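Some structures to go through are shown next.
Presented sequentially are two complexes of chain A, the first with chain B as partner and the second with chain C.
So, the complex of A and B:
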């Protein structure tokens, strides 16, 4: 449904110029007015975005134990510790980074490809399309907490629905979905695909509908079959959307927290404990906030590098 | 929704088309089952007895229909006052949404329609922060929220999230698309900027405001990581961290846990079915949330 008619970026110049200079940007009103409009948001923005972004760096340069009165300056120690094998944090931190890396590596291909297939299906004209689109999207509106406790139950090795139906199909019905590898990864990736497929599919769908239909007609005239049309019209047309989806999916997967927190609790051992699980535990349960802040900046830097790499790769592919 | 590529499955007359058509719908229905069945299982289990939930063979219709899952979570004297969490979630998500709408629309309007020193810098900085991952704010915002004495109160989950730049950016883009002539006419009639904003701009902005409201409500209602750590005592929790508590407290008492899941899902599913086009449009147009 089109909710707002045609967009008008850069309203066109009005036909009859008026004498006063109060048009367009309304210089006539008081110079304070814009700041009054901005003020309520800016108070929030400074307090909870801008100041914390910088304050976090300050925290990371201290031995900031929340429970202790003194917070001694420690320079870059929290950072160097992370890169010093054998330090209190480095082993666990890199294990958790590895877990996040694995989850991202395993989940992103599925989260990029499967929603595209679903979007291609939903982009056809058929009766009931709206219903199916809603059904596939529905899990996405649920929170990760619901998804986590639900799948923890479905994947229970003894009483879960998944093993129950596998048994009925004559397959092994005792798969340890949440307590052993590689099953724990299969579970975490699978439930994430189930949960967020609709989100990516909807973005793809918008991209598909932006492709000029005359390109398909032209390709048909040239004798291109369905597959060739997909390869030479659809995929190139989706390139910007694909970049967007790949980027936000990598970032979302690297932020994984709720699924392992609720389903595997990091098991087996700490193999599926994600970086954010470890950072949150270290900072907000053990209150080693300086060290946890340092870890969050290291992780953020990693994500920044991956995003940049991602853009570069897509740029390359364009030539 | 605009035009789709030529439809492959028209009303089939010959057998081959009919088979294709059946296959087509078989795929669609299989996908529907995959997405919907887990939700139905949650609902079904929430109406089973404790033993009935794990009794083989598993059944979709409860053998013995029971509301013990719900009566257990509605009992407010336990360490898991789920009804209280529901109310807390409602207050937090509604308050959060209201705060986002008021602050983001005022700021978005100023950024779209007023010229003032620092405007471009402000916009660049605000949008720039969209690229900072949320986890960077965990430690400093915990300390800031603690400084205000908000730890373990709903303010901790209601306010900080409203500082996100998404709403401002989203509404600014919409306000830019409105024709300026409307405001000029009102200005000539002697209206001031606030009156123009309230009487001309906002009434024209209902669809984007509704989209932002729905997305903000859902985001806050579902938020998990932050409330797990800033809401500590049982009576101050919201539903998502509450579900984790419930899972810990009742481990294999599945009807209770699933009843909690149902309670957390029903409001957002209702919102989804009412405001589907706003949600899907909001997601597909921005791709920034999530």
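So, the complex of A and C:
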């Protein structure tokens, strides 16, 4: 996505003639060659992405359980069930989509803004900068299982450390961090921000270092203050990076699974059960792979629409 | 994260599709599998064939892991001709992995399953009928406890050889009971409530109620049976847990929360942690915790049968049963060795009982050693006449998880009143039961 920049009008015309000649000299002129180079990736892509994805469409048109001899054709029933109130799946599915939507809505702003602030600070010259850069990135190297179990202990409403210390400070010590709303969302979003902000911050940092320092000097000469320099130099300079960050953050948040699975287990009731959680349950525990595949496609369609919208918004901003 | 799950799911499905075709190609399927019958390699009580290695999978990741390991080691050292390779997988993943492994021809020979998973796995041809195994081993109902023997049957065929029973029990903190002026665990509703009132007067919430399956749903099911109700209709076409008995049962649990005998919003396992920390006086949990609590030096605790809160005694229980997996290419020697292994394990289940279970085998349960060495487990064996197992119906565990567990969760968290929570759950359950019937009959 960030490579888009190279194709945009106004970008430098890249290849020198030398490159052309050496390509021919080195590899030979067989038209098969580029495909051979791509083959290792394509094999994986076909085996693990394209073929399963197409197979998933086929599965979604059946009542599919891979262990049962009969896999009756059900046409679009798995899809229409999702849009029929009162069917076995529709209520739970849309509740899980709503939970996913809420998590995305609550988490993305924090995950886009907080890492930017962190990156701006870490981009300054100060003692121990390397240490802090590592410290902010550190949680990201932990697996979701570690993060989930860790926060599960900290946030336990009855015996957790967070409530214990809140009590010591004279604050309420009975906040149901993981078993009631809105606290469960606060917890899930908070732990996700703590866990992944380092990743977005690193991307921002790289983007910040790409901005030509002479632009800041020029702005200073023109009398721009700090805020104006941020608004008119930093932000426009970060636009491609920002598009990348917003897109991957939305997709990552919409695919949330591990945090609610480990920390709230979907509670209270099924209010924090994400779409992926429900799809996994339906497909892998209840073995209703047909309807799980149909749900996956509906979710994928939503994500596709949101991604397209995202690109359109950023493109418009460019003109 | 999610992307990966979807990919795995697709992979599983494509793997499964291939294997499904292969299975279908075999024709008769597991029901007519001749290899499970006796053969020259031995009757099952002995094994005389060549040296084989059989695979034994189970989900004993907790405190019972070391016990099963010890038994398998002893078996392998006593029987050089049968080596057992054990694979322990957490139960949740176990029930997902075993079918996949079986469908790709990499399944184990022997496994353990809970009775509410037997129907699902039998209907999906993951496991094979064991009637002839029971016959060759000469195992009869009289060798076991009748209800647990019955729990191994699905659709008129035996699929499980019972290993144990693990009912719900009442754990009590002796120090806290002393504060309430008693040293015996409450066994009636009046006794139970008077202990709780005494404790409340001293600022102690005495009986924590969990909104989760462990231990909220287990408590609810026990109470449901105590009030004379049942989970589903006999033919498993209708949910009946929203009967008056169900409403009374859940209302009692909710009243503990509302009246201040339990904190609100108890988190997963917090009631259990609180009991370990001496903050929860009366804790309903499975018999298997005897082994875990025994390791706590600071905790002064005891265990008793569940109190009679409703109109009669009743307790939820489950059972671990030995099963044999469908094989694409059955090896008669391995089958014979598996039978021999199952019988040996069943006969030696006293060792297993030490992981805090009630042995299913009568001879072991009646032995003096069991009564003397495991007095707490022997005390809980008194619950046997009134324990109830979840039904052996395909997909039943998932129906409960999607309906009953949600109702208990909503009611105990005070988000919904017991009756409407149970009614909503029952209509969801009826929908799922209908789907399951169509699915597993197709």
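We adopt the following convention: the second predicted complex is superposed on the first by the 273 of 319 C-alpha atoms of A that agree within 3 Å, B and C clash if a C-alpha of one lies under 4 Å from a C-alpha of the other, contacts with A are read in each partner's own complex, and residues count from 1 in each chain.
As a working rule, contacts are C-beta pairs under 8 Å (C-beta built on N, C-alpha and C of every residue); 3 or more make two chains touch, one makes a residue touch a chain.
Quantities reported herein were computed from a predicted structural model and do not represent experimental measurements.
*Asks:* In the superposed model, which partner reaches more residues of chain A, chain B or chain C?
*Replies:* B
*Asks:* Identify the partner contact of A:56: answer first if only chain B is touched, second if only chain C is, both if each is, neither if none is.
*Replies:* It touches chain B and chain C both.
*Asks:* Quick check on the superposed pair: does A:179 touch chain B, chain C, both, or neither? Answer first, second, both or neither.
*Replies:* second
*Asks:* Report for A:33: first if it touches chain B alone, second if chain C alone, otherwise both or neither.
*Replies:* first
*Asks:* With both complexes superposed on chain A, which partner does A:244 reach: first (chain B), second (chain C), both or neither?
*Replies:* After superposing on A, A:244 lies in contact with chain B but is clear of chain C.
*Asks:* With both complexes overlaid on chain A, does A:144 touch chain B (first), chain C (second), both or neither?
*Replies:* It touches chain B and chain C both.
*Asks:* A:69 in the overlay: touching chain B, chain C, both, or neither? Say first, second, both or neither.
*Replies:* It touches chain C, and chain B stays clear.
*Asks:* Between chain B and chain C, whom does A:260 touch in the aligned arrangement: first, second, both, or neither?
*Replies:* neither
*Asks:* What is the contact status of A:135 with respect to chain B (first) and chain C (second): first, second, both, or neither?
*Replies:* first
*Asks:* Between chain B and chain C, whom does A:115 touch in the aligned arrangement: first, second, both, or neither?
*Replies:* neither
*Asks:* Enumerate the residues of chain A that count as touching chain B in its complex and touching chain C in the other.
*Replies:* 48-49, 51-53, 55-56, 59, 66, 144, 158-159, 252, 254-255, 257-258, 276, 279-280, 283-285, 289, 292-293, 296
*Asks:* Chain A touches which residues of chain C in the complex?
*Replies:* 1-3, 5-7, 9-17, 19-20, 23-24, 29, 92, 95-96, 99, 102-103, 123-126, 211-212, 263-268, 270, 273-274, 277, 395, 398, 401-402, 406, 409-410, 413, 415-416, 428, 431-432, 434-435, 438-440, 442
*Asks:* Quick one: which bits of chain B touch chain A in the complex? Just the residue numbers, please.
*Replies:* Touch list, chain B to chain A: 1-9, 24, 27-28, 31-32, 34-36, 38-39, 41-42, 45, 53-54, 56-58, 99, 102-104, 106-107, 109-111, 113-116, 119, 122, 125-126, 129, 132-144, 159-160, 162-165, 168, 174, 176-181, 183-184, 187, 192-193, 197, 207-208, 211, 218, 221-225, 228-229, 239-241, 243-244, 246-247, 252, 254, 257-258, 260-261, 264-265, 268-269, 271-273, 276-281, 283-285, 287-288, 290.
*Asks:* Chain B touches which residues of chain A in the complex?
*Replies:* It comes out as residues 1, 3-4, 7-11, 14, 22-29, 31, 33-35, 37-38, 40-42, 44-45, 47-53, 55-56, 59, 66, 118, 121, 123-126, 128, 132-139, 141-146, 148-154, 158-159, 161, 164, 194, 196-199, 202-203, 205-206, 208-209, 213, 216, 226, 229, 244-245, 248, 251-252, 254-255, 257-258, 261-262, 276, 279-280, 283-285, 289, 292-293, 296-297, 299-300, 303.
*Asks:* Report the residues of chain A in contact with chain C in the complex, numbered from low to high.
*Replies:* 48-49, 51-53, 55-56, 59, 63-72, 86-88, 91-92, 144, 156-160, 174, 176, 178-180, 252, 254-258, 265, 267-270, 274, 276, 279-281, 283-289, 292-293, 296
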